[in-house]
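In the part that follows, the structures are each spelled out as structure tokens.
You will see two complexes here that share chain A, one where it goes with chain B and one where it goes with chain C.
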Partner chain A sequence: MKFLAVCSTGLGSSFMVHMNIEKVLKELGVSGITVDHADLGSVARGDADAIFVGRDIAEAAEHLGNVVVLNSIIDLNELRIKVRTEAETLGVAIPNGAAK
Partner chain B sequence: MNGVLSVLLDIFRQPSIIVALISLIGLSVQRKSFSDVLKGTVRTLVGFLVLAAGAGVVVGALNPFGDMFQQAFNVQGVVPNNEAIVGQVLLTYGSAAALIFFFGMIVNIALAAATRFKFIYLSGHVAFYMAAMIAVILGVAGFDTWAVILWGSLAQGLVMTMSPALVQPFMKKVTGTDDVALGHTGNAGIALSGLVATLVKGKNPKSTEDIVFPKGLGFLRDTTVIVALSMGIIYVIVTLFAGPDYVQSELSDGQNYIVYALMQAATFSAGVFIILAGVRVVLAEIVPAFKGISERLVKNARPALDVPIVFTFAPNAVLIGFLSSFVGGIIGMVVMVFMGTAIIIPGVVAHFMTGAASGVIGNAAGGRRGAVLGAFANGIAITFLPLLLLPVLGDLGFSNSTFSDADYGVVGLFLGGLSSGAGQLGVIIGILGSLAAVFIASIALRGRDRRRAQSEQTQEAQFART
Partner chain C sequence: MTDSIAAGGTYIDLGFGVALAHSRPENGVNETGLSSLRVRPPVLLNDEAEHPIDIFFCLAATDDHSHIVTMTELAGLLTDDDRRSRLLAATNAAEMRAVITESDNS
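This part shows the complex of A and B:
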């Protein structure tokens, strides 16, 4: 299973979202999901189970399949909720689920 | 003995090996497993070679562009694109650049820990580009390799700590918190936008976000597409001026000149694509290690992050900022035509990234008028700064490409100006003087913070009494 953070050059902000997703998955105790980041141009539909993008590039990323749009890419709480929802939807066990 | 030494020297002259070693250190301090360390180290080594290969592709497409531009207009045409220039820089200055990048991070952590400026510069890619430019300028100034690395790392750490500080007063207005900072080499232009916006604000500034904008411009965000399209337009225009005869006889080997121009533009974009992929791999292990260490060592560290973090706060200002900045770039270019200097062609990626951020910051500081005029000022800045920067870059000033954002211009002109005006000693005094200035500013601002806190306390006490 794979989560991918995407931005326009795949260097700065997607890398940060990538690191934050890893942080959240660690908090939740989830294992078995690899996380990576990339630029819009090199991602194709099916490259990941969930693709995280900022609100500003939602329109450009529409064709990528399961796209999770973040209203603010620096809001860790929003990311916590959305990563957790995605993991639950994909049927991944969340060991620290109760701990919120 | 000499044989061993020369092998060792050969190893350390390879920038790919140096970045791989930095990665190795990064992975080890994160206590990764042996297989992860091995994998990450080898990937970084290969990533650097990917980057170098991309540089070759970009140069292959830029050389005929330079020839055509010269033929058509009789002056040098320069495309400001960070990836294109950095790729070329790293071919010659790679080892020094990698070491300045590495030690610069340590200086950044030390300064953030010791002063009031708690900024940790997490945009590794632009920090890497900045290190590359500093390596060039100190190299051109004639410093020995060890001195390039020593003074370069100090300069790099200062830039990483203080560039976010410039924008922070405006960032607070955008994000509503003091927890996050902006880390990008466009910061000087973005801060300029905030300043201009504050000056032109007027009485009741209206926000850009009340305007209803058409959709459908999302493709602007796909770097590969936008670089290929914009370069396609520029290449075709230059080719038309250079004339079919010249192109088909001198450059394209008989291939139709328009087809040739479009293919070269697409090749340029392909080269940038490869360089981006290389940079991504090179940074993959280093940035998380830097983040982890800085969080442990610096209390209340504020991460300085790449410009798209502000884009979601004001999507309309993003578009207005890009357009205003781009208009500034075109006007600047026309002025250069009349001045008869080298021509800086507006780089779409730079105007998008820094122009959009200038728009958002300008809007927060001065509403619609602030967004338009602030981003316009940024556009002018990132057109003339690269022009002034060309002479201090030595041979690389003639490579038809240059650094595109404002910080490169400011830092490059500071160091390069000191070097040409006062030699190596001037550069050293300039760097040490900046270091001292940062500490003095830190002490002064800490004093101000304390007085403010005290006066608030007294006010509260008086309020409680009445």
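This part shows the complex of A and C:
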């Protein structure tokens, strides 16, 4: 299972989202999901089970498959909700599911 | 950098009035570093009303790895609701610097 954070350059916001996804997965006690980040140009459909992007490249990333659009790159609460939803949809066990 | 913003680069808007502008190493980066610019009143990226920016962070990375520590700390700062609020409320450089250089306990 793999979550990928993607932005235009693969250096800035995607890296930040990458670290924040790991933080959220740790909070949820989820294991077995690898996280990485990349630039939009180097990602192909099927590279990850869920691809997290900022809203500005939502359209450009549409073809990549399961794309999750974030309104804010630094809103940890939004990310908590969306990462959890993705994990649940993919059938991943969430040990700390009772926590907010 | 201004070229890439004009070319639709409002992706640098992280939300909450914070923008992270950055460039690829091959686009003329001399040294890995981070600078910040506080603007008042906020400016609109590309004159787009949905992208008001109060603080610009400007990241320069010479390769794919050298900025990892910087980014980790910056992410810690910006995703911490309390520190981010205080950063946005700072009225001078000293106050901003104090928030930025606080140790990240999260």
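Everything that follows uses one rule, which is that the second predicted complex is superposed on the first by the 100 of 100 C-alpha atoms of A that agree within 3 Å, B and C clash if a C-alpha of one lies under 4 Å from a C-alpha of the other, contacts with A are read in each partner's own complex, and residues count from 1 in each chain.
Please note the rule applied: a residue touches a chain if its C-beta (ideal position, glycine included) is under 8 Å from a C-beta of that chain, and two chains touch if they have at least 3 such contacts.
These numbers come from a predicted model, not from an experiment.
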Overlay on chain A: chain C relative to chain B, clash or fit: clash
Touched partner set for A:L76, first chain B, second chain C, both or neither: second
Chain B versus chain C as contact partner of A:N20, first or second or both or neither: second
Touching partner for A:G41 - first (chain B), second (chain C), both, neither: first
Partner chain(s) touched by A:G12 [first = chain B, second = chain C, both, neither]: both
More chain A residues in contact - chain B or chain C: B
First (chain B), second (chain C), both or neither touched by A:E59: first
Shared chain A surface residues [contacts with chain B and with chain C]: 7-13, 15-16, 19, 54, 56-57, 71-74
Of chain C, residues touching chain A in the complex: 4, 8-16, 18, 20, 22-24, 59, 61, 64, 67-68, 71-72, 74-75, 78-79, 81, 84
For the chain B and chain A complex, residues of the former touching the latter: 122-126, 175, 180, 184, 215-216, 218-225, 273, 276-277, 279-280, 283, 287-288, 291, 303, 305-309, 311-313, 315, 318, 349
Sites on chain A touched by chain B in the complex: 7-13, 15-16, 19, 37-42, 54-60, 62, 70-74
List of chain A residues in touch with chain C within their complex: 7-13, 15-16, 19-20, 23, 54, 56-57, 71-76
